[in-house]
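Heads up, the thing below is written out as structure tokens.
Chain IDs A, B, C and D follow the sequence of writing; residue 1 opens each chain.
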Amino acid sequence: MNPVRVCVVGVGRAGMVHATNFKNNVPRASLAAVVDADLELAEKRAKDLGVDLFFSDLYELLDRAEIDAICITTPTFTHAEIAIAAARAGVHIFCEKPMALTLKETEEMIQAARKAEVILQMGFMRRFDPVFIAAKERLDRGDIGRPMLIRSLTRGPGLPPPWACDIKTSNGMLAEVNSHDFDTIRWLGGSEFVRIYAEANTLKCFDLKEEFPNFYDNAIVTFRLKNGTLGLLDGACPVGYGYDARAEVLGSEGVILIGELQDTAVVSCTKSTGLVASNFPGWRERFREAYIAEARHFVECIIERKEPKVTGEDGKRALEGVLAANKSIQSGVPISLGGS
Amino acid sequence: MNPVRVCVVGVGRAGMVHATNFKNNVPRASLAAVVDADLELAEKRAKDLGVDLFFSDLYELLDRAEIDAICITTPTFTHAEIAIAAARAGVHIFCEKPMALTLKETEEMIQAARKAEVILQMGFMRRFDPVFIAAKERLDRGDIGRPMLIRSLTRGPGLPPPWACDIKTSNGMLAEVNSHDFDTIRWLGGSEFVRIYAEANTLKCFDLKEEFPNFYDNAIVTFRLKNGTLGLLDGACPVGYGYDARAEVLGSEGVILIGELQDTAVVSCTKSTGLVASNFPGWRERFREAYIAEARHFVECIIERKEPKVTGEDGKRALEGVLAANKSIQSGVPISLGGS
Amino acid sequence: MNPVRVCVVGVGRAGMVHATNFKNNVPRASLAAVVDADLELAEKRAKDLGVDLFFSDLYELLDRAEIDAICITTPTFTHAEIAIAAARAGVHIFCEKPMALTLKETEEMIQAARKAEVILQMGFMRRFDPVFIAAKERLDRGDIGRPMLIRSLTRGPGLPPPWACDIKTSNGMLAEVNSHDFDTIRWLGGSEFVRIYAEANTLKCFDLKEEFPNFYDNAIVTFRLKNGTLGLLDGACPVGYGYDARAEVLGSEGVILIGELQDTAVVSCTKSTGLVASNFPGWRERFREAYIAEARHFVECIIERKEPKVTGEDGKRALEGVLAANKSIQSGVPISLGGS
Amino acid sequence: MNPVRVCVVGVGRAGMVHATNFKNNVPRASLAAVVDADLELAEKRAKDLGVDLFFSDLYELLDRAEIDAICITTPTFTHAEIAIAAARAGVHIFCEKPMALTLKETEEMIQAARKAEVILQMGFMRRFDPVFIAAKERLDRGDIGRPMLIRSLTRGPGLPPPWACDIKTSNGMLAEVNSHDFDTIRWLGGSEFVRIYAEANTLKCFDLKEEFPNFYDNAIVTFRLKNGTLGLLDGACPVGYGYDARAEVLGSEGVILIGELQDTAVVSCTKSTGLVASNFPGWRERFREAYIAEARHFVECIIERKEPKVTGEDGKRALEGVLAANKSIQSGVPISLGGS
């Protein structure tokens, strides 16, 4: 069959990771076009990527280009409109996290995809990471019994863009950086959130706090899942030292540790430095293989018409957790959720 | 000068660790006597340890034996009475954690020691552990900037004794197992607790839950310290897989990881097992050196009449945290503390 | 420009790794044909790979198919003939290690490629491995001063094919398994071999020893390089526990450790197993990225007409070392080499 | 019974480690005296250690002091005379490695101890190290089948004293630094040396090479044991970066790795440094527990009149290996040994 023609919408950093993968690393896909609100950037990226078509307007793309799927890597507050328009045009949707700004939006996205019978896959790439997959397999195999307590953390090296510092336009760091952890705790815990409590503070970016009163750069969240499992999340951004994504599952019969700070298996040692190794500078390095695997999976789901491993429902549930945590930070009390 | 004559009160497992150390590993101390409510056990232990004096009654000891110091390793609810009696007799006090059952008791212990001008040292041995010390030195040296977020966990391999399962007689697992983490978070965070929230659940010992309605075997606690630092604690007991004590400090310029699961630096690998290493079976193995170091420090403080590194005040503060966490578990809301 | 059309010659295990990479993971290449002496296998593999052209005869391929390059993954004793024929047909050559059976053959291959002005790249994929590259960068940056002592080891999980057990048809395990280490020691040591001594023994496959009197399954080799650096190699096959490739460079100011047994960064721990991690089952898993990178480099060299990072000269030098080590094993004395 | 009265002969660095241990960490021993050719140093050390008796002359000690055992930590070339005199005086002997300068001396020491029925224990402390012991237990339990190949390395941080740079007065680095590795290979291999080949070079201390023509600061040695096991040793001194002692056993069913560079289980990570841990600065830090354990074992053997785990025979065998390796370095050929 013909390759799946993919258009990447939003060609910032994350967009370029996906665009490069769809072009070079997904055998049954071809990169057909790019879209960016900034037409000059779209043109430049198209040229870099060797792609003929570029647009600043999504609707023009949907009207004029023959594409099978889009990959949404624009700011969060634009996701819903783009996804819904794509669905209506019969185009499959890969959507970066966080899914959208509100639960209502996520619901509309899910309904639009369902109605149009297009694939809607969320970009929780950890589910495609060899390390997380190996851990999940051990867990599912019963190596450590039932999960009792799950920890997941993400810390990012640098500052997010301004729109992501304002909780109103982004739901803040817990959405932009820690969406993955909300998904990981649900995924590994095998159950839904019933209670969430969060503490947050600004301990580094005092300037941003002045500009955005709701801003925080450190947060911790506790979870109670419906099946009784407890969860712990911590997030911080910018931490400077690199990208840090680790998790841990305590089970009734043992424990699983997932991920580590160290990047390549090279260590050197001198008198003046002591033992030195390198860590992951960013998410691109840490999850390079996972980004390829999720792109391949998306294309496979389109070709074989099967449900993706990470659905719109998963995106919605993660957002539900984020919103509850932000509400807890603002109100100072734990927030209960339906849990089913 | 003559060696410091120490009596160990309570010769269960922890008591025997201390008794053996005072006998063999603290050059300037001698083990002079043991006390245990169970006279037969006291006699047996005395014989094993090569000690002539043994008692079932503390007051008999204080009356009849010439001792300089006691080491209290009895159940928590007996600590206050023993410590106060020792202080009145002019005997220095080493007290295992948790310090006592109530804040009132801890205050009385502190006052009694102060009045009698005797040393009162708390058994937070992590402060004497080479691993924790190396981490604290890096932190104090500014290697990672100011602390922003601290994680500390303790998980124990086996079941505590029945009295420690009942919150009324022990303050539960958070006191018996996780007192160390409350101390670690204060110590590394360099500030006092101002808000504590906790979630707990029974996910393994369902029988004990029936017997003791307040029982829990898994807990997570969040902290906000006065200086703004956030804290995270998790505890579980019994976890079966061994003794697990780790911590982590996220600072404004980097991160420090403290402790690891692996015990000796030996790894083997075969086709059927994969890579296999050994972990710490219990606290005795993990903190063997720390127990020796804290005993030596105690004797040094007595001889040199200096204040110990871990005081009654530290014991009281840790208990304050435990009590707040238990209150949060029972009430479902965060608990505020004075923080100073 | 048009993609580089590659034909893989020899579609056993290693051949399929390369074929899959040229097909899926090298953007500027296309897999155009496969050749295998076993026509049925060639047909089957062609079908699996979605390739139209397959041959049992190299000359037929060279006559009839339009290809730009071949990848030689046949048994060692066939490399020279294939490479020379390809060169004469103006076809670029990627050649798996070991380069050939004799130094004479390697020299003829180099001359043929030079005369035809085609690329000749050797398959020492460690030079393309992120771990080895990171180590080489530290070394070149002077992090540990001048190299003084280099260790390199390779141990393989399973038995080689029969032809590789007979030293006459393969130069034995040191050639088939440890060619990489000979290259690594030259590469990291930055100098040529001047003296080689080896010990070998059969300690596991006693049956093979009866069949092939020159067989050995364990070997150690010492090196003296022209610049004075010492080298150590150990090899063993089959070791059963997995694929093991590590190296170490001791420099005048420090040490670099390269590679480790552990595969994914997942560790689990239970009472019955202790700490358990997974190791690399085989070379495909350990060097997956390196195989892609070397294939991309080969195609890049063809397109940009530049010299590859690993040349026929490197292949010849590694073979020179292997031959000297085998001679040392047979004679019981150290063997001197020209060293320049 | 009364404590075993120990005299330490030679109170340099190693002597002080033993003296401190006999004084503080061996419950059934007392440090009774010190001897040093330098009387002033002997007096100073005696004062530091709180010991009344000190001598510059061994015979005076043996005449005048009531002691049960001596610990020999003088330069190698003095060991034999001291040990033999002690044996004749009925005094038990703990002897630091290397045992002596010649095989004849070692034989006389063994005979003297045997005749006098005194304990003669060699200071191969690795046999008392928790890490090496854990590895040996795994090996003996059959976790990895029969040993096929053993690697052992020791690298020291600083320069040895001048007498140890001259092969004539010390047998050089292989004796002074790597005696332990010769013992480890025999111990873990469970067999005797039958062939030894060595390469050595001066790659750092060019000055010392001028002063002592036989000097080398890097060496590699290969071994063939009587049971067929192969061995590999590497040594270097001074390496600057710290003390490095690791070993590895490849067995017929798997592999065991022994020891690692990292010291405490603390890791920190910042943007400017990457991942940083600390390594062992010296042998005192790396083998602190092993030194205590071997001293306790020695005293236990005296009290219980049992044979020590490391005998004079072990000291002799290690020396035999060292001498063969030095001979190989000088002659350029492998050296055969009796092997039984």
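Please note the rule applied: a residue touches a chain if its C-beta (ideal position, glycine included) is under 8 Å from a C-beta of that chain, and two chains touch if they have at least 3 such contacts.
Keep in mind the model is a prediction, meaning the values are calculated, not measured.
The chains that touch both subunit B and subunit D are A, C. Each chain's centre was taken as the mean of its CA atoms, and the one lying most distant from subunit B is C. With each centre defined as the average position of its C-alpha atoms, the distance from subunit C to subunit D rounds to 41 Å. Averaged Cα coordinates give subunit A a centre that lies 56 Å from the centre of subunit D. Across the assembly, subunit C contributes residues 240-241, 253-255, 257, 261-262, 267, 269-271, 273, 278 that each touch 2 or more other chains.
On subunit A, the positions that touch subunit D within their shared complex are 157, 240-242, 261-262, 267, 269-271, 273-279. Residues of subunit C touching subunit A in their complex: 23-25, 27, 130-131, 134-135, 138, 143-144, 253-260, 262, 264-271, 273, 278. Residues 146, 148-149, 151, 155, 195, 197, 199-201, 203-204, 218-220, 222-224, 228-232, 234, 236, 239-241, 244, 250, 252-255, 257, 261, 332-334 of subunit D touch subunit C in their complex.
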